[in-house]
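Handing you this structure, nothing more for now.
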Amino acid sequence: MSIASATAVSLPYRVANLRLAEAGRHQIRLAENEMPGLMSLREEFGESKPLAGARIMGSLHMTVQTAVLIETLVALGAQVRWVSCNIFSTQDEAAAAVVVGPFGTVEAPAGVPVFAWKGETLEEYWWCTERAFDWSTEAAASAEPFTGPNMILDDGGDATLLVHKGVEFEAAGRVPDATAADSEEFAIVLGVLRDSLVNDPTRWTRIAAEIKGVSEETTTGVHRLYELAAAGELLFPAINVNDSVTKSKFDNKYGIRHSLPDGLNRATDVLMGGKVAFVVGYGDVGKGAAEALRGQGARVIVAEVDPICALQAAMDGFQVARIDSVVEEVDIWVTGTGNVNVIGVDDILRMKHLAIVANVGHFDNEIDMAGLAQLEGVVKVEIKPQVHEWRLPNGRSVLVLSEGRLMNLGNATGHPSFVMSNSFTNQVLAQIELYATPEKYPIGVYVLPKHLDEKVARLHLDALGVELTTLRPEQAAYIGVPVEGPYKVDHYRY
Amino acid sequence: MSIASATAVSLPYRVANLRLAEAGRHQIRLAENEMPGLMSLREEFGESKPLAGARIMGSLHMTVQTAVLIETLVALGAQVRWVSCNIFSTQDEAAAAVVVGPFGTVEAPAGVPVFAWKGETLEEYWWCTERAFDWSTEAAASAEPFTGPNMILDDGGDATLLVHKGVEFEAAGRVPDATAADSEEFAIVLGVLRDSLVNDPTRWTRIAAEIKGVSEETTTGVHRLYELAAAGELLFPAINVNDSVTKSKFDNKYGIRHSLPDGLNRATDVLMGGKVAFVVGYGDVGKGAAEALRGQGARVIVAEVDPICALQAAMDGFQVARIDSVVEEVDIWVTGTGNVNVIGVDDILRMKHLAIVANVGHFDNEIDMAGLAQLEGVVKVEIKPQVHEWRLPNGRSVLVLSEGRLMNLGNATGHPSFVMSNSFTNQVLAQIELYATPEKYPIGVYVLPKHLDEKVARLHLDALGVELTTLRPEQAAYIGVPVEGPYKVDHYRY
Amino acid sequence: MSIASATAVSLPYRVANLRLAEAGRHQIRLAENEMPGLMSLREEFGESKPLAGARIMGSLHMTVQTAVLIETLVALGAQVRWVSCNIFSTQDEAAAAVVVGPFGTVEAPAGVPVFAWKGETLEEYWWCTERAFDWSTEAAASAEPFTGPNMILDDGGDATLLVHKGVEFEAAGRVPDATAADSEEFAIVLGVLRDSLVNDPTRWTRIAAEIKGVSEETTTGVHRLYELAAAGELLFPAINVNDSVTKSKFDNKYGIRHSLPDGLNRATDVLMGGKVAFVVGYGDVGKGAAEALRGQGARVIVAEVDPICALQAAMDGFQVARIDSVVEEVDIWVTGTGNVNVIGVDDILRMKHLAIVANVGHFDNEIDMAGLAQLEGVVKVEIKPQVHEWRLPNGRSVLVLSEGRLMNLGNATGHPSFVMSNSFTNQVLAQIELYATPEKYPIGVYVLPKHLDEKVARLHLDALGVELTTLRPEQAAYIGVPVEGPYKVDHYRY
Amino acid sequence: MSIASATAVSLPYRVANLRLAEAGRHQIRLAENEMPGLMSLREEFGESKPLAGARIMGSLHMTVQTAVLIETLVALGAQVRWVSCNIFSTQDEAAAAVVVGPFGTVEAPAGVPVFAWKGETLEEYWWCTERAFDWSTEAAASAEPFTGPNMILDDGGDATLLVHKGVEFEAAGRVPDATAADSEEFAIVLGVLRDSLVNDPTRWTRIAAEIKGVSEETTTGVHRLYELAAAGELLFPAINVNDSVTKSKFDNKYGIRHSLPDGLNRATDVLMGGKVAFVVGYGDVGKGAAEALRGQGARVIVAEVDPICALQAAMDGFQVARIDSVVEEVDIWVTGTGNVNVIGVDDILRMKHLAIVANVGHFDNEIDMAGLAQLEGVVKVEIKPQVHEWRLPNGRSVLVLSEGRLMNLGNATGHPSFVMSNSFTNQVLAQIELYATPEKYPIGVYVLPKHLDEKVARLHLDALGVELTTLRPEQAAYIGVPVEGPYKVDHYRY
């Protein structure tokens, strides 16, 4: 779908056809059963509507789970516009179902405008993002005037970036030309903002002024926020959802434990048992990956740069080696570092024939895909969508999943609902905190207070049949905590 | 596709369109890399062609892995005709690729006639099976006259059944009417044989006389063979491939360990971590299922009737309970018993809302699907193909996968290539044994000799980087075995 | 203690001093709680006394668990005399407690004569064994005349060997001289029999004639029995207890899983986590060892000669390598093969400094201890009993546990009571079978029928809280087994 | 040994007899091989002697591992006096070996004065602690005058407590009488200080003024330090060694994983496989305990009060329940909370017969031992040292290990050397930091900087064969860390 055709038919509604929407609604209903945190929030806050008046611009993978998040935000009183934060990650049926809404029809959608479809181009991606900042329809229907959202819910920081760059260029009065050092994608961003500067030279400045805060989902986005804050350039308060325990330790570790083998199976159907798997990085993502592969009977080797994590890997029974030492004997490669070029072309050239190369870390530069594509004589053959055989000049091939991007999203369906329920319950609580108690959050970057982190966990226990023990008052006193928590010091490592 | 249309266009070639065939050939090429046992046999026997002259009728799930099996049989000299042994299990691209063959085209297929497509009706299924016994085309091209195959490679015993029933009814001179006690399917079989008796009253008798033996893949099929042998009704020798160690212990345990979580993921995307899973049966299938679920962080409870297996489950750290005791707390149900109605309607009525019910044992009667369908007030809603929500009169629902049939086939892609390579290497060796050394096998049911079982394992070690230790002569003498094996007594349990 | 001093004070009673006996009785009481199989047999057969009239000569490690076995045999009506089958394995407090008996005193012991103490010489060992065949005291108190036992309960076959050799030499009329090829130990056996031939030239012939059968505990002993039977030299029927599922799969696998890390800890206190452990052999013993080491966070490498077991190891996620390939990187060595010299002196010379070398297989020749002792320049330093540092000429050392003998007996306390309860319940059932239904057992070697094997398991379920599911009659019919079992074919592998 | 007799023969030397010392030196030598962190520090700092001039009073379990710590401190230039911080935890051979020293004799000990023996009374314990503060011998041999140590290395805070209380009472001019609310132990402390006040009314004030800092090992001790600091009463800077990652995550988790099953085995020899184990608390200690028990085939149930830890337990596959719900079915109880009365008498009265009750948390009040002792009709029977059967009025018994105190110390030998090497390398680095760079540490409580924490890990990698990957400069820049670390933000949870 091109932007032209999409806009021609009013994009958010165009993706909503009835069949897709019905399929999506079935899946949303099942996902609700797996997202007890969000459903509990609907119950707790559905009447008081703490998000009444909130206008949330969300930029986060448009999946079935996100649909439950969006509809929870709406149930708590918010108005919402949404985009995906990744060109491949949209599940079209989820997008359609959200647009139609539980009680709408294709002709009269009653849901939330969603600008997202599976397989966007980068141009389409940024067009979508810009669209989600255009609240003119909502403003037209409102008694009070406004330009855009007053809250951002971000994943990776693209929405936040657009606002900050927009403000910066409006202040400068011009948008710079893309330089050779800029990525292709950044050149597109510059183009979007250049058009905007022409059409409405104060738009982003007005939007930024309206925004009460942003809650950010990922390491990468959080990193950008801390940099902005350190440079004194952050325009509104931010809550770092990523570093809630119930996000980082659950999403990264247990999510990957689930979705890595799922993606490997859907992509390749290759037996993991008996194979040699190499996990690059033993942070939470690597820990989840290694556990999953071992659980399937693979022999796992780990690489690490941090001696503490390396020692943990050893104590957990894994061989810890450099890629170089074992590259010829590995069947399955998994990267989970958040760093660049951790698997290089030289490594790839030494791999076993038909070794599988998969990334569950962050960007597609964890594997040197650019270098691979430029390799003299390399041939790329599509086995099926998101699974490519790269035939190497040495006569061997490797299988690269999802073009080197996150294969748990590209080859599987991402983290399962229950994991996302933890992350998203943090998101909703962060939105409530920022929107309803702005006095607690001057401009800066915050993590959620521990009692809310514990609350997120607490909301997920019943569904698993977990019986929580209650501290007796004398026990609480003995360890110096309130009976109802929080129970741990902030630096506790879990 | 109806039989009418299929026959009209010469079925085996009809399924072969180029796109499917190309996709299938890619997958076959990747599978060959994962099936070192079969590829080694091609290398070892490709010149000597021990199956030259063999006419093999195969009835076994028409998957990508089976394609590698079929083409191995051909490489060893055999002529082959094939059907699937299950109405749902055909992978159409694999069927197409086999028909076209590595060097053929849609217009001039150079491969093997395959009568199979995904989603056959029972009538179509038996029509296909009958077609695979019709070797008139091959006979027309041959110097010597024959009616049908001279070997059967069977999975579940349907091909063997058809021959035995055909012979029986030809001897009786009539095919009995189906009685009320007969299944719908058996009525169809009777119909096929009734037509045959009219057209050619000695056809099955002649076919049976030509057959040198059958190799059988499954417990069920083997069970039928032992019954026939015990009754003195077995018409040709049989090799029980199922009870090779490298089949039963690998296919059942390691295959299920792989494909159970795969099927659960593809069907439901539900997080296994933290959930309560109940595995009915702790034989090899149950052991693989329990290990897989634990490896994903589920809490596994096991049911068993055999006290030895029950004790094993306990020693492996699993709770062992009766369904009745814990039915309300279970999220995921898995049956792997080979028995009937191990989960009944009364159990289902007590389950948690949206509990998942999956069978990896054998027939769809492990779960009382018939009883469920007859339950007053029950409503069945298709969430997606092979995933149905059964809305119960009590207001709760359960999710039943693959209609209660084998979900690792229905919701996933069955056992992975590497596992099937073990099973199928046994199959090929059994075919060679029966065809090339018939003097060793008077009518009866045999398992492969241990040295061949060990050979199957041996052919799969290099691919996994396994270094085998060699006995020194004095060590071999010390334990009283040949240096080159076999190493264990026949009753060794592994 | 020398034989002279021991005999001077009537050996079996001498070991019984009150302090030891009291400690032993405490431990026996606790062990009874962990041996539900034996205690159930006391309950089931305590009244009917199926072993009334049985005179059992037992030769099996004189541990606390064996004490519960002995007292169970007595509770079932038997008279018993006992020796240990290993010079190091006696727990003196258990021996003392059995001699004194639950209701006896040191002055008036009311228990069973035991000829065993920790740390016997080989001469003492065979003296003890011979003593346990001398039933003159019991005969004097009996109405009917007899020479010796009428049943043997054997572990390793030494008691059975003595009878067979005695009979052989009595028939020959002379005991041959030891040759250079004979072991030191066999020379001692010859000496014992030479003395016997002088004193009573028909003693062993009369004893053999009285013996109704032997139940044998171990692989080694069973191997000897099959050899005797094959040679037509077996003098009485034998039951191979070793190959009961509830013996071999439980004792070997779960017993070693428990006692290997226990022995390593008591011997060395070395952290297993993070270490590289090498397990030689992946039979049941090796499987238990590998699981235990992995459970403690070690990285386990396995060596195998049998390709099937090697493939299992790989599928279970272990690296499979030859010693030669990884010898320099291993911290902990474990042998479990039942074969000779699986770790040789050349291997030892390449090991890491202070590598730990331990045997849980069978004899001390699994590790080439003889070769090590003869190594030029080697120095053996006792760190503590059963833990020796062998200082090698290359400047490194290795730690050898229990002189290369079974370290789970030498450095720990052997298999725990619950495991031994399985083995010993098999033993008692075998004794009952042979003694009470001799008509079922002509001379030959038998395994227990499967229904008794299942019974052994069944008797251990309640203690673990296991709920067994009961087959419904239609289910039993469907799979063709009785509702009450046995449930599996004889060759089922568990 | 009474204080009278001990002092009469000059206690620290009295414990040193040659046999003990020799045995101890063997064990120290083996432990050095397992403590690469400490040995690396000897190599790195053995020449520069950064602790020259340091007078360290150490109060920490006097084990073989501590011997290696002590001798490392000495190798780095320090003078040392030592006591154990627990009345049961001294290994007498380690104490003896340290006193004699590597090159001394019993007559002319050349090592470090140690005031500790296994099985002290509380009076003896505090006498020992006071003795270790008496540096008059060292002062007599020194050119410069001093009263006591200038550094404390503490475990649990008893040494720190004595100084602080001494200073407090000297300021007050009197030591208060013990009140009814004071523990028996505190009354003894008051007695020691009362005597001191009479003999030397400014002693503790002078000592406190000389002390440059304390490094503290445990949660409990650290908790006391933070309380003192918060109250403004802390007298010298403190480094919280406990919260180094390489201490808390390693010592607690991996140490307990090792020593819990070790203690269970030595105490009871009970099979863990198949048993139901209940772990109270799922912090690092509980995580290690649960992993160890699962690794031995036990079925583990966990109790938690913190919803985040409870959710972790569930995601790791454990049942999470309240004691009350499952008390009747548990075989093995393990507490690891650091809280009081987590197992009460009412719980004990409902336990299975001969259930095992063990504490690896902290004090003996985790289990209500006081309540148990006061229970009407209870009888305590010693099975063997540190293993007691408590016969309950209801006719059942429970087995309590180590009187409810830390059973991994009382029934086993505590954490193994490799784990302690991590903890103790932190200790030595903390001592160096406080002593050599006091300007960095004004009075307050600190954790070690992350680069030192990473250094501790780094020093332990080679011994495990771990290959660490090195960041390339562009990778370090990409994630914004130095190539050589530290690699993580302070709140990273590992």
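When the chains are written out, they are named A, B, C and D in that same order, and each has its own residue count from 1.
The rule is simple: a contact is a pair of C-beta atoms (placed from the backbone, for glycine too) under 8 Å apart; a residue touches a chain by one contact, two chains touch by 3 or more.
Chain identities (UniProt): A, B, C, D = Adenosylhomocysteinase.
Here the structure is a predicted model, which means the values were calculated and not measured.
Looking at which of B-C and C-D shares more C-beta pairs in contact, the answer is the pair B-C. Among the other chains, C has the CA centre that is most remote from the centre of subunit A. Subunit D has its Cα centroid 41 Å from the Cα centroid of subunit C.
Centre-to-centre separation between subunit B and subunit C, using Cα means, comes to 43 Å.
For subunit C, residues that reach two or more other chains under the stated contact definition are 254, 273-274, 294, 297, 311, 314-315, 464. Note for the complex: subunit B touches subunit A at residues 23, 26-27, 30, 33-34, 64, 254, 257-258, 261-262, 265-266, 268-276, 291-292, 294-297, 329, 353-354, 381, 383-384, 389, 399, 412-413, 416-419, 464-465. Looking at the complex, you find that subunit A touches subunit D at residues 223, 243, 245-246, 248-250, 254, 284, 303-315, 320-323, 325, 338-342, 453-455, 457-458, 460-461, 464, 466-472, 474-475, 478-480, 485, 487-488, 490-491, 493-494. Touching subunit C in their complex are the following residues of subunit A: 273-274, 294, 297-300, 311, 314-319.
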